[in-house]
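Notes follow once the structure below has been shown.
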Amino acid sequence: MVLKLVIAATALVMMLLAVTKVPLRYNARNVAVRWKTTAMTALAFTVVIGLLTVMLGFVNGMYQLTLHSGQPGNVIVLSDRATDEVVSNLLPTDVGDLERQPGILRDGDRPMASRETYFVVNQPLRNARAGRPGRRFVQVRGLDDPELSARVHGLEMLPGGQWFSSAGVREAADAGDPRQRELVEAVLGEGVAGELGRDRDPATAASWRRPDRLDVGDTFPLGGRTWVVAGVLNSGGSTFNSEVWAKRSLMGGMFGKDTYTSLVCRTADAESARKLKEFFTTQYRKSSVLAQVETDYYESLSNTNKQFLYAIAFVTAVMAIGGAFGVMNTMFAAISQRIRDIGVLRLLGYRRRQILVSFLLESLIIALVGGLAGCALGYLANGLSATSIVNAGPGGGKSVVLRLIIDARILGVGFLLAIAMGLLGGLIPSLSAMRLKPLESLR
Amino acid sequence: MISPMPTPAKREPVVRVHDVHKYFRRGSERLDVLKGLTLEVPDREFLGLMGPSGSGKTTLLNLIAGLDTPSEGEIWVADQMISGMSESQLARWRTRNVGFVFQFYHLLPVMTAYENVELPLLLLPLSARQRREQVKTALELVGLSDRLHHRPGQLSGGQQQRVGIARAIVTDPAILVADEPTGDLDARSAEEILDLLGELRESLEKTILLVTHDPRAARRTDRVLHLDKGVLVESGVADRAE
Amino acid sequence: MKLGILIFRNLRRNLLRSILTSLGTVVLVFVVTLVWSILAFLQAATEEKTRNLKAIVTERWSIPSRLPFSYAATLAEGAARSPQDVRPLDSMNWQFYGGTVDPEKISRESLIYAIASDPRKIPTMLDGLESLPPDQEEQLRKDVEKLAATRQGVIVGRNHLTALNKRIGDRFKLFGISTYMGIDLEFEIVGAFPPGRYDGLAAFNSDYYLNELDAYARRNNGRKHPLAEHSLNLVWLKLADTDAFNRVAEQIESSPSFNSPAVKCETAASGIASFLDAFRDLIWGMRWLLAPACVATLSLIIANAISISIRERRLELAVLKVLGFRPWQILTLVLGESVLLGSLSGLASAVATYAAVNWWMQGLKFPIAFFDAFFIPSDAMVWGFCVGAAASLAGSFLPAWSACRVKVADVFSKVA
């Protein structure tokens, strides 16, 4: 869609270039003569379009995140009418029956199904920076078999790590306090490892394993216990990046929930996943559940993105209108300065539409120079990381760490907006130039 | 395209103006500028138009040059009736058939002499090479071969007017119209420009219509028409004796 | 002053340019006003108060917080055990309930989130309802009385009236969703919240809710509903000052009554701040990218317009100099023109935004965290004026500087 529009817009510019008989260097030189005011107009474009690219990069990052979190062959099962994982409630007996249904792949005698309990946990921050809240929310996923769950979700452990043990705890080598002797083992997403790494006391920086995040063997406090990092997931670009994985049976006791929230079942392919979802929805009778193909589930989480997208579209449109007024000023001034030129061209036989096109092209030149600079500026934000929240509706939601992704499509939108602003701002002045009577303009 | 045309045996009138009226309406009032004017201009004539301000001489020139249309009457230029053409037909016609020379030169300030002269050619289906040749020839004819890449601001008034003339002849039009071409020049430059117009008439066999206040300029023409209040008052061959 | 008249005349000289610049200012100040209104609201919500503050008691570790209803009475007393202990001035229990009017198709429109509480606490404990205009206050008082008298009554937000297509006096049924599965409630709409902040909220009687939780067990052979022991989500306390808050927080967090689960007590401001932390980069972007970009664009547009005007008037400025105008007077002339235009347009924009958002749109819909709609504060008029003035000053300073340094000789030599 964007590509088509870009092609259309390029074709429009090419067509204008082909139609115009007034040499482009006439416009270019006039622009150069008034370079200060032209630069201001172009710079306004740079600001507006640079901002647009960054904002769209943010939303794109969120879309990509939700897009890459789900597997097309997976079906996620929540309790019926659950709007979010955190409010879902599946009994252990139900889960046991659900995962034995046909259609779910098997690994030897085990079904390829990940039993999960999702918690959001308060973590008080001991040395919160000034102006920042004194606690954060940590997303904890309690799992029975982390290795199986990772395979279901298509995630891998970064080298050097290992899955947590079946007990989910290990003895601390050097703890004096007996209550802290038992460490809770956790596997962290890379994003949350970075977040938690920022809590460390900078004075101890010399002893850090990694400056940017916690690494295997590091400890952190959560829920009144000390946790140790058993491994770090290669989870960049998915919502799992912001999760702490630990032994479910342990978590249930700590955070007061002994049921499951979700069961993620791996099937052969997207088609089988769709069938399994249908089966759970229409034929499965033992308990009433809400089954969704995992990719659909994550797509529903991108509702927030839509909201942002509307807000961005609105703000950008308003700013673009403001910018277009600036171009209009520039172009009206350019035209009033060159009324004689227009008169001469008309006397020499140039048609009205050729005058129109010439000035339109001039405003497009300004717009494109400014707009492309804006795209370039915005592109600098590509890859920066930001926090946000994704959710499907009111309540719930997952906080996520995402990367701004500024791709060709977004640059294309920036280019289109530049053209649109150039046309919008250039059209009315160019029409007025076109309507000048040659004889009167020479008087 | 700038090549001497074969001399016709008989000098056919290249411009024919027949019973032309031009009036403007201002509210309920009608302002008659030209009142039933008839005249013929033979091919290759250098015609002067004189008259006090408001006599209608510039209006007449504009009508013949296809910049305006008469309220009544017919105008023929080189066997084409231009008084019935639409605005865009006129624009196309002007490019090929009329060359303009203005009092204030009206060159585009950001373009070089060469580029200014090239402007009318851009509207014609010519190759870049053909254009280059014609522009160079035209600038040679006006004696500015060494100023091709100067901008108007870097040229004297006389030189600018030469560029203006080169631009007027570059499309090899049938007629040249010049509205006070020496009005903004000092006496010496004015003489040079008039010399140049005379030479061009001879060498390129152009018909030239010159509107002027300046009796010295009028003296260079073949014939002078005097207009007053929209009618021709007298006509005669200008005194060519210096 | 004569200069003032000259400034006005200059603005009218190129009316088209003045209008275009003014329109550009209006739309950009509009964006700034919206952004700052949201930021100001969030800031106010997270700003710690020192007097008459609210505290929230929730489950210590887990989110969403689910406490036994048996905690409510003790918490309302601030867990005071001895006469010397501090007691809260007021309190309110929050029991969330979520249901859909259409169990077949759960959508954003069909979902309603409601709180069950003691109706009489609504006017005193909900933020923003204690300072209503007299007519709205009177209406709310009547609605609350009616709710207290109607067991299955509910007061809804305006969003619900629209989404349900119901009027006050109508009835509707909600089917419990998520953890509320199995609890279906039937309501009679007895009133509506005043427009604005509570457009998305519904409130009903705690008694009805608790009763329905008990009824669930009777219907299911004594098997209790999973929420039966965890139906209390949070308790709000009103406290006289920071000192009282610190004492009460200490009383609650050290109380042996709250072991399973443990609880925490924090100020409302810090609780809200924690929730908003997930949006911190968005908020940062609004504050430090979006708003400045608007102001920068505005400055550029004004700078452009003023530069054009000055270039067109070089001769005139030179004449003024010949006539004896001093450079600072010319500087004032140029700056005055742009600042007048900028500040007035900015003010007009803010006033129009205020009127449009607050009266016509009845709040700006921008759901972030648990805030639904935002209003433009009256401060916005001051911002609009100042942003317009500041941006135009910034934009026109350089052009004005170059104008007042016009060299008379240069200008005339160019003209000659």
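Order of writing sets the chain letters: A, B and C. Residues in each chain are counted from 1.
Just so it is clear, a residue touches a chain if its C-beta (ideal position, glycine included) is under 8 Å from a C-beta of that chain, and two chains touch if they have at least 3 such contacts.
Note that the structure is predicted; figures quoted are calculated from it, not measured.
Student: Identify the chain pair joined by the greatest number of C-beta pairs in contact.
Tutor: Most contacting pair of chains: A-C.
Student: Work out per-chain C-alpha centres and flag the one nearest the whole-protein C-alpha centre.
Tutor: Chain nearest the centroid of all protein C-alpha atoms: A.
Student: Could you find the chain whose CA centre sits the greatest distance from that of chain B?
Tutor: The chain farthest from chain B, judged by C-alpha centres, is C.
Student: Can you compute the centre-to-centre distance for chain A and chain B, using the mean CA position of each chain? Integer Å is fine.
Tutor: Here the centre of chain B sits 67 Å away from the centre of chain A.
Student: Report the inter-chain centroid distance for chain B and chain C in whole angstrom, where each centroid is the mean of the CA atoms.
Tutor: The separation of the two C-alpha centroids amounts to 72 Å.
Student: Please tell me the distance, in whole Å, between the geometric centres of chain A and chain C computed from their C-alpha atoms.
Tutor: From the centre of chain A to the centre of chain C is 25 Å.
Student: How about chain A: which of its residues touch chain C in the complex?
Tutor: By the definition above, chain A touches chain C via 34, 36-37, 40-41, 43-44, 47-48, 50-51, 54-55, 58, 79-84, 86-89, 119-122, 132-137, 223-224, 254-257, 259, 303, 307-308, 311, 315, 318-319, 321-323, 325-326, 328-330, 332-333, 386-389, 393-395, 397, 399.
Student: Using the touch definition up top, name the residues of chain A that touch chain B in the complex.
Tutor: Going by the criterion above, the answer is residues 21-23, 25-26, 29-30, 33, 340-341, 343-352, 438-439, 442.
Student: Can you tell me which positions in chain B touch chain A when the two form their complex?
Tutor: 62, 67-68, 88, 91-96, 100, 102, 106-111, 115, 119-120, 122-123, 167
Student: Give the list of chain C residues in touch with chain A in this complex.
Tutor: 16-17, 20-21, 23-25, 27-28, 30-31, 59-64, 66, 98, 100, 103, 106, 108, 111, 113, 175-179, 181, 200, 226, 260-261, 264, 266, 270, 273-274, 276-282, 285, 289-290, 293-294, 296-298, 300-301, 303-305, 307-308, 311-312, 366-367, 370
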